[in-house]
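Presented below are the structures under discussion, each in the form of structure tokens.
Each of the two complexes below includes chain A, the first together with chain B, the second together with chain C.
Showing the complex of A and B:
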């Protein structure tokens, strides 16, 4: 059975509604929004800012497998599967290294 | 990232002011603030009725509550972990106190660092490890309430860093240092997590009388919760102007070889020392803007 992604319950987070709306509008116009923060995670005095895709990945770190998470994102974002898989994999590795997620 | 409203709030309840602020209204506003954390500090010998009242009012709020209490008040503070407070820290003044906390149930200790006690830090770290304490907080200076700014020379920081490194605390103790230069002493090689000064952006500080500051170390009053609603202070022009000032690096730092790393340091300390946001941080230890003998391989601590 595939490992399930679990958020560390000590990580607090907040989505910035205005920033998210602006990023979504810019994305629809074809702009690059990869550097636009739309949410932030906070734990042990450490803050991590996530962009639109990072936020959507984080929201789905709720006992899903990586494959399930990626499939959901593919349905929502207009992106090549191989690129998305690479982005998701790299992002999850970063979160795991910081202790923000774990696998069970 | 510049936020519409802060995520972390610091509220020093004591020393109790006269008259007391309207705790009921302030708690209601903070509960609705969308902040993530509230750090409550009460350093009285017993927890004040006002602190107990604030905790009770916020126990069901979305805020993650931290409480720092004096050693003497721990017996009253620890039971609050069953009624809303997520983490309790003991305020300590010397390493000898750590022996009392082995099985006390605290989440960590808080050590207010100053010019007179900074040499104790290695012993505090070692004592935390010896006594099974998981977290050490080196909290922000309270320049808004009379602390002297912590200004160490580069040499003092290097000597302190060497002594701390010798303790080898990695993996045994989480040390949080809110001072950007103290962070480098404790965690050399790891970038300061906050990056640029976060006063008024991710954080706000509330003084016992309800005055709101961008940070406990930045003596610039943004408003008072007795007369102005929290959301109005957060959205105020004065706060926006202050953030714009903080995002502009002090002119004196413009050509400094270390500026990209320190990003202006603690801007509250500069304001405290010279009365302007355009002042350099006196805790920086580099006053000439460049090292005397060419570029170093590594930045000074």
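Showing the complex of A and C:
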């Protein structure tokens, strides 16, 4: 059975409403919001700021395999599969390195 | 997809809407006589249960995610479980720091039922006699170890909190092994603060800057090499060491007033438990206004380098180190952290 992503329960995370609303409005205007932080994760003295897509991945990743997560995102977002797979892989690798997720 | 953000100093990506976490002293009474205690000098005023529950709801509504109870020894409050239940029902993640002395099997189960997700037990040495002497109570090490087992059995995640000082700074590997053997998920190496008795006993307990550097190099190396347990630090000066997994991934500067706040047993709000500057009261004041408009918090978020910090190439990484320690020793939190080893 494929390994499942497990979010570290000690990670504190929160969407920042104002930043998220501004990013969504900019996205609807056709702006590039990939560098706009809309949520943050914090644990063990480390913090990461996530953009809109990163936030969506974080929200959905718990207890799923990477394949399940990617399929879910592909069904909901208009994005090229190869690019999404690469982005998700890099994103999860960074979270795992910081101890924000583990695989079981 | 993600970017590291610099907290404080320079321009953060954005000011977060509320603290992520609040360290909350419920009481100052204690059954121990620790040589470094910072709260014994505080008074004994305590908020009652009703006021505390209202305050918990207030901070949760603002967006705070977690509260960590401390004191004093929180278990000396007879209504601790009710307080925790209020916090948990408000949607807050609830944890506390305890000396573990009063946690037996039955208490551990009750704490789990009350809503505690995680409890840190203070243990300052793998050698029981050394811990007992430091904490001032014979048998306290044995009780603390037993508490870790009871909590784990009850389904509460545990960590060990160790205040690094003269009695243990050479024991990094032993402390990590000890924590692993006792089933803790994490060991927190707390830097020594010069507050309360910590200031009075500083000459006996505190390390020299070079000793701090040696300690952190060893502890960070253990973390990098995969010690089989989470190792956590809360000292901003390690950002200047430049080790892999250290600089660049640790939050820069003190988190006090940027990601967290402290509430004292009487409801007074301070940037952290070791900065005795009251910026409001949780019962009387609007926390959101304090968070946005406090001039003290603004100064902590935008520190100005002074002295050797002004020309130090590491300043952008550490932002002057621990603000509380600089304030306690020099009277100005913009001054260099007295633990700093940089020339």
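Following the convention adopted for this analysis, the second predicted complex is superposed on the first by the 104 of 104 C-alpha atoms of A that agree within 3 Å, B and C clash if a C-alpha of one lies under 4 Å from a C-alpha of the other, contacts with A are read in each partner's own complex, and residues count from 1 in each chain.
In this section, a residue touches a chain if its C-beta (ideal position, glycine included) is under 8 Å from a C-beta of that chain, and two chains touch if they have at least 3 such contacts.
Owing to the predicted nature of the structure, the values given are computational and were not obtained by experimental measurement.
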- Fit or clash for chain B plus chain C once both are placed on chain A? clash
- Message: Between chain B and chain C, whom does A:94 touch in the aligned arrangement: first, second, both, or neither?
- Response: second
- Give one of first, second, both or neither to describe whether A:37 is in contact with chain B, with chain C, with both, or with none. both
- chain A residues touched - chain C or chain B, whichever exceeds: C
- Check the residue A:16 against both partner chains and state whether it touches chain B (first), chain C (second), both, or neither. both
- Examine A:47 and indicate which partner it touches, taking first as chain B and second as chain C; both and neither are also allowed. both
- Could you give the residue numbers on chain A that contact chain B in one complex and chain C in the other? 12-14, 16, 18-19, 37, 40, 42, 44-47, 49
- Of chain B, residues touching chain A in the complex: 1, 3-4, 7-8, 34, 36-37, 64, 174, 176, 178, 193-194, 202
- Query: If you look only at chain C, which of its residues touch chain A in the complex?
  - Reply: 1-5, 7, 13-14, 16-17, 20-21, 63, 65-66, 93, 117-118, 157, 185-186, 230, 232-234, 245, 249-251, 255, 259
- Can you check the complex and tell me which residues of chain A touch chain C? 9-10, 12-14, 16-19, 34-35, 37, 40, 42, 44-51, 53-54, 57, 87, 90-91, 94, 97-99
- Message: If we count contacts the way the header does, which residues on chain A are in touch with chain B in the complex?
- Response: 12-14, 16, 18-19, 37, 40, 42, 44-47, 49
